[in-house]
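Here the chain labels run A, B, C, D, E and F in written order, and each chain numbers its own residues starting at 1.
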Amino acid sequence: MLITRRLEFDAGHRIPDHKSRCRHLHGHRYALEVTLGGDIILQAGDPSNGMVMDFAEVKTLVQQHLVDHWDHAFLVHAGDTQVVEFLQSIPNHRTVILGCVPTSENLAEYAFNLLDSVFQDTYGNHLRLERVRLYETPNCWADAVRK
Amino acid sequence: MLITRRLEFDAGHRIPDHKSRCRHLHGHRYALEVTLGGDIILQAGDPSNGMVMDFAEVKTLVQQHLVDHWDHAFLVHAGDTQVVEFLQSIPNHRTVILGCVPTSENLAEYAFNLLDSVFQDTYGNHLRLERVRLYETPNCWADAVRK
Amino acid sequence: MLITRRLEFDAGHRIPDHKSRCRHLHGHRYALEVTLGGDIILQAGDPSNGMVMDFAEVKTLVQQHLVDHWDHAFLVHAGDTQVVEFLQSIPNHRTVILGCVPTSENLAEYAFNLLDSVFQDTYGNHLRLERVRLYETPNCWADAVRK
Amino acid sequence: MLITRRLEFDAGHRIPDHKSRCRHLHGHRYALEVTLGGDIILQAGDPSNGMVMDFAEVKTLVQQHLVDHWDHAFLVHAGDTQVVEFLQSIPNHRTVILGCVPTSENLAEYAFNLLDSVFQDTYGNHLRLERVRLYETPNCWADAVRK
Amino acid sequence: MLITRRLEFDAGHRIPDHKSRCRHLHGHRYALEVTLGGDIILQAGDPSNGMVMDFAEVKTLVQQHLVDHWDHAFLVHAGDTQVVEFLQSIPNHRTVILGCVPTSENLAEYAFNLLDSVFQDTYGNHLRLERVRLYETPNCWADAVRK
Amino acid sequence: MLITRRLEFDAGHRIPDHKSRCRHLHGHRYALEVTLGGDIILQAGDPSNGMVMDFAEVKTLVQQHLVDHWDHAFLVHAGDTQVVEFLQSIPNHRTVILGCVPTSENLAEYAFNLLDSVFQDTYGNHLRLERVRLYETPNCWADAVRK
């Protein structure tokens, strides 16, 4: 059984070495689809009875560990020093400095690795993260899947 | 080759032991995506030539065996006796009594098991149900997949 | 200038005297689109400069005055005594008792009247509620507009 | 008769004096809906016969006069000198400097004024721009309408 | 009070004198949004109590008078004799011959005129058709509105 | 890592031996989702650094090899001689003659085979086409997947 929770957020980014328009500072409405695998919990009377994990709890965890940091933030490669330094000069600016270029592929993989340890099998139902899909636009997306 | 037919319906439900707001009688616009696997039928002149199964026929079967019963119905766990008894007191009320709590996961699994025998390989093209995806909302869904 | 904020919620209802399937207790994913008219605020340095009203504030007000009460609730006509009495027998059940049948039209009008006084012209920019659109499904909706 | 053409683009912006998260450099998937009014052209044999204006031509004009400049650009208020100066320090950066804060309302009005003169009544069918709707997100939008 | 019902259908068409690609026989997923104005019916106990018109009835009428004829049909101008004659040579072919070129604008106006007499004020609530919106694609649409 | 690019186009078709309405010449808004698998390219300073393949390049290739030919075209089975001959009688008509009936399944498989050789692993990142999904309508689609 697989379950998926979708969340959306708006962020800025740029691909510094892109040959075309992605080179400019711009942004997107990103969507994140987090897919978990596991057995259905069978514990009569428990709030999570009949679920793999409560959708509300999935949302809370993804929000807390990722979306609250990335929403209305600028996602920037640590190596893009010109932009990093500028953003750091603005007091209290929400900046997410990444060890990789903020492409959809890298963001999906980063999110997968970040969220993987967040989802713990506490019900003994073999819960685990299976996939993170990241939409950069409604027409372009990347899937980081468990190997 | 895989084909998928999507259908939507509106139903009521509640999760009786939920710790939060799903405890209340409420409802959703559900969407059901039924995925079939099989070879493409190669029978020149046959109405299903070039198809795994005619989409119209997939729709008819899912409608007849599931959506016609669940649409504008209240989906309730047999163990939720308070609600079951009330609904049975309303003459001719469309009530679907299930052996499990009506979470997305349980509804997807129930639908998979129900529909599995409905799709028969009559063309010798290895037709079989592969997945039922059930959307509870546009942001939350469950996949019951063939093991 | 007009601005619109869209919010979604899930609720249960029924149309007691409906001749067809809306008679049963069921539910929908409702969407609410709240449209405000007004001039663009021109106050350099003010957080609302360049806006008719901050979208975040529109959301907060609609959430607080309406969506928090209607989401995961059962919307019922006061005259539908059978259902009202049953819901009142469930401890702490989120029930919204209305003076009218919970059709899209009545819900849109009720929401318009409720929200009309919520939006106050505090910036002197002639802010006022102009329309409430209520989607019962993606294919059916009602507009309550200022007369 | 009214016709509408929808186009989407991705851009960065910030609201410098915003009290909350819009203060950070971020971005959105914007959508622009351009509505034209006019009579249906009745000129048998003419390519635009039966149209108010050819949708392809509407798209070409909006693309050329607006979307090509705003897509994958950073939209910034001239008074937001910190950001303006930084963007001007990046060679060949696509920056749109505006005389107003880049809220949805201001962008919609700016787009209306820009596009108004672009649509000329060349067929004698009273063609004119009636409305520009700008979506900042799928849930927030502004309408600049002809007064 | 305004209510709207949306329906979708797939049809073929071509614009014979189009200077570009609309000249070829092709097709679209059309969507039709039918908007009715009227007062809310106040007749306690009546199935339509609280409605402007039952959405199910709106759908039935539009289906019967329009969609059943246009769905999976080819929409063709009577003056496009080459295509008309060809389609008439196919036995039992669903062809809709129109007195105008099948642009979105003409189809919307045709639909408005056709449906206008279909919606009758039988409840004394001033029911009448106010607008027909026809989407040719998700990005292009025409509105025929009551003058 | 998987990446997907979605493109849409409008085309005409018919299923000549269909028992029901697909027999008529009609059309659809098709959507094509092209999924590629591969490793993330790690070449600092390269425009494709951090990508499996640049989305813009995926789009360009699919457009050039498929969408430019299928958009606003009529897709027809070579064996449907009545239609083939008619379309060939129209000068410069955009007709796509296929060796199979233009069902979703056949179109998806045809697209997969056509595009498979188009995507070449030039970066040594094991790039290859994994799936082509073809939507005939928002509710019906076929997946051709690598065996």
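A few comments on the model shown:
Everything that follows uses one rule, which is that a residue touches a chain if its C-beta (ideal position, glycine included) is under 8 Å from a C-beta of that chain, and two chains touch if they have at least 3 such contacts.
Because the structure is a prediction, the values reported are computed rather than measured.
In summary, the chains found to touch both chain A and chain E are D, F.
Common neighbours of chain D and chain F under the contact rule above are A, E. Chain centre most remote from that of chain B: D (centre = mean of CA atoms).
When the CA atoms of chain A are superposed on chain B, the rotation angle comes to 120 degrees, reported as a multiple of 5.
For chain C, the chain whose average C-alpha position is most distant is F.
Both copies, chain A and chain F, contribute mostly unmatched positions to the interface they share, with under half of the numbers common to the two. When the interfaces A-D and B-F are ranked by how many C-beta pairs touch across them, A-D comes first. Chain centres here are Cα means. That of chain B falls 43 Å from that of chain D.
The mean-CA centres of chain B and chain E are about 31 angstrom from one another, to the nearest whole unit. Centres computed as Cα averages put chain C at a distance of 30 Å from chain D. Residue positions of chain D with contacts to 2 or more other chains are 138. Judged by the touch criterion defined above, the protein chains form a pattern that is neither an open path, a ring nor a star, and not fully connected either.
Checking each pair of chains for touch leaves A-B, A-D, A-F, B-C, B-F, C-D, C-E, D-E, E-F. Every residue of chain D that touches chain A in the complex is listed here, in rising order: 8, 10-13, 21-29, 71-74, 82, 86-87, 89-90, 93-95, 137-138. If you check the complex, the residues on chain B that touch chain F are 1-7, 40, 44-47, 49-52, 54-56. On the side of chain F, the complex with chain B involves touching residues 15, 17-20, 79, 100-106, 108-109, 136, 138-145.
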